[in-house]
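Working notes, structure below.
All chains are identified by letter, namely A, B and C, in their written order; residue positions are counted from 1 within each chain.
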Amino acid sequence: DEGYITLAHGSGGRATHNLITDIFLETFRSDALNALDDSARLDLALFMARGDRLAFTTDSFVVDPLFFPGGDIGSLAINGTVNDLAVTGAQPLYLSCGFILEEGTPIALLRRIAQSMKLAADTARVKVVAGDTKVVPRGKGDQIYINTAGVGVARSNQVPGPRYLQPGDAILLSGPMGDHGTAILLARGDLALEADITSDCQPLHDLAAALCEACPTVRAMRDATRGGVAAVLNEFAQTSRVSMVIEEAALPVRPPVAAACEVLGLDPLHMANEGLLVAVVPGEFAARALMAMQMLPEGREACLVGHVTKADPPVVILQTRFGSERIIEWPMGDPLPRIC
Amino acid sequence: MKFVTEFRDPASVAGWVREIAHLAQRLDRPVALMEVCGGQTHTIFKHGLEALLPETVELIHGPGCPVCIMPRGRIDDAIALAEQPGMIFATFGDALRVPGARGSLMQAKARGADVRVVYSPLDALTLAQTHPDRPVVFFGLGFETTAPAVAMTILAAARAQQANFSVFCNHVLVVPALEFLLQASGLRLDGFIGPGHVSAVIGTDPYQAVVDRYQKPVVVGGFEPIDLLQSIWMLLLQLVEGRCAVENQYHRLVKPEGNSPALAALAQVFTVREQFEWRGLGSLPRSGLAIAPAFAAFDAEQRYCLPSQASEDSPVCQCGLILQGKLKPWECSAFGRGCTPDHPLGACMVSSEGACAAYYKYGHGG
Amino acid sequence: MCLAVPGQVVAIVDGDQQLATVDLSGVRRSVSLACLVTPDRPIEQWVGRWVVVHAGFALEELDVAAATETLTWIDRLTTPA
């Protein structure tokens, strides 16, 4: 077998060099990485040709388990970073990946994750141009943690942000809620539940671009990761000092995800996603925005779920199927399975 | 979802709302009905059912949430157990964020205690089997719905002679709590929606004595919108017709005599404590379960020495009055100020099932 | 105090331990039937039946006929609006 990560791999000597060449250069085959320089120098002209704003983000990935139906820590790291850039109206271009590896982690596992990252990067049409690996003693980490940084380019006249919401705006979701959060909960195995639920982990760059093209005045976009759609809606409402009314009947949840949430006493609105776009557009653009998203596979189940209203103080209201109302709570912390 | 979605059909709900309105008109006086179980409270708030009821029908949210009524001292004991050397402390997710006097189990976990959330007490037993060299304690909480599951788990542990497994028993009984509420002076309650899943275990018979003695009708209800609206309708019908009886709305699951294997397991593994403290209600006679002497080997309270200090709630807290329907959450001076879901002062704000937490999060308050 | 979900017993996992697989609308789990199995109703008879599951235990059998009765009661009752 390929052996294990040892402290030597973290020493910066030949063992580190061999690991980087054998795993990362071999997998990513990117000129920038191959140069093994201490930084990647990127042609500014390429940026200037596409816009006047450099978008820059960072994210860390510590998912447990490392592999789950629909993805792994590697595809999650690439897509999560791509999505943070895409939802701010930027075209993602280059990524860096820093690995914190625990002593004793099988090298074959690292190779598998690197290959998954390469596939995800190619799919999202971005390049991994800088990387780093550090090793921590056994027990001081959980096999693999990944930190990323990402740069992209945006146009200043097209930068959606939650502070621009207006009463009458339409609230759109690009697909069903809760797939990732429930997939992870079940994949951990300690609840001993099985269902065919897969993470929605996917890049949203094409979807965001299609949306911005169909609707030049997108008010706000965000990928609904931890805290779920409920967290995003509450963040938007607070930032723009507006309220929202969401139609319960319009909220899309896949049947097995709804069943898992029912069994565990959880609310799909609070469950994490990794490929779900929440967008707010002027009311008159709603139909066109939906059509633009529905033309792409990652948006084919896009739907209108509610509207922005003026009511103050800002609150996110759920209109139940019965016509009554309740508040959609800003989730406190991680959703915990409950019996009561 | 089979046997769930059908009970949330909007047309049927609208039909029951109309029928309730008709009865409320015929009754022509305000009534206060208590849904006893926290799970029923959750359904009422999740589906916004209160807003569908006529003005004259008021719902009082009962003491039916096991983490809400758990005294802070018991949380401190749980933390003391979790911090024993090498201990694996298994618990339902409900208890993780409940603050004792020294913080919550989640904070104890952050300090290094091995606290694990489990879905079933059997999973805690499995932890004991897969970690034979480490002590495993399961945090036994819940009413008669959950107690049989824990009893069966203790019986399985005894059969397997799983010496490193034990239970910290905090199970409570619902009828004594009902009796306490009914005895309270100045009670405004006109009837009860009985806890459906507790009754699946104990049956509907145990409520008869309570109904006879206190002349308040009980309708054992389920947990879906149609179940709760039907139960309210059945209570109103009794009031209109001047009847006072135990009725069973949730008859798809609840039998009058209850579930005999579950009751047998309860009787075998547990005994009834003379007294047990309920947060917000005080110490109620014969209202809690302890592990029977025959299974003392699996009783964490006997195997480990616990601080067992009672820790009073802040004097400002008026949860007792709220649980008895004498005060509305927003009428409490601490509601939303000193007492919030992040810093609960009393039972009703502790978990999302508690009346105050539910109003704070789901309702505008009134 | 008692979150419980209907599901159908689909297979026996371990007769001695009284464990069976229950399908909860697409979510499957090994559940104890210790509160249901009796000498005159052995575990084999439970496959295909509907139960309500709480904390990994089948709490009680769900009476399908009674469920339909509850659902259709409103139609039999409806007074002209």
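The rule is short, and it goes like this: contacts are C-beta pairs under 8 Å (C-beta built on N, C-alpha and C of every residue); 3 or more make two chains touch, one makes a residue touch a chain.
Just so you know, these numbers come straight off a predicted model, no measurement behind them.
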Central chain (by mean CA position) | B
Report the pair of chains linked by the most C-beta pairs in contact.
-> B-C
Centre to centre, by mean C-alpha position, how many angstrom separate subunit B and subunit C?
-> 22
Whole-Å gap separating subunit A and subunit C, where each centre is the average of the chain's CA atoms | 38
For subunit A and subunit B, let me know how many angstrom lie between their CA-based centres, rounded off.
-> 38
In subunit B, the residues touching two or more other chains are 1, 4, 38-39, 65-66, 92, 119-120, 123, 142, 146, 353
Among the residues of subunit A, pick out those that touch two or more other chains and give their numbers.
-> 192-193, 255, 258-259, 262, 265, 338-340
Could you list which residues of subunit C touch at least two other chains?
-> 1-3, 5, 25, 54-55
Subunit A contact footprint on subunit C (complex, rising order) | 1-3, 5, 24-30, 53-55
Of all residues in subunit B, those that touch subunit A in their complex = 1, 4, 8, 10, 13-14, 17, 38-39, 45-52, 65-67, 92-94, 96-97, 116-120, 123, 142, 146, 225, 341-342, 351, 353, 361-364
Okay, in this complex, where on subunit A does subunit C touch?
-> 192-196, 255-256, 258-260, 262-263, 265, 338-340
As the complex stands, subunit A meets subunit B at residues 190-193, 255, 258-259, 262, 264-265, 318, 320-327, 329, 332-333, 336-340
Complex interface listing, subunit B residues touching subunit C | 1-4, 6-7, 9, 12, 15-16, 18-19, 22, 37-39, 64-66, 92, 119-123, 142-143, 145-146, 148-149, 152, 156, 195-198, 200-201, 223, 226-227, 230, 249, 251-255, 259-262, 265, 353
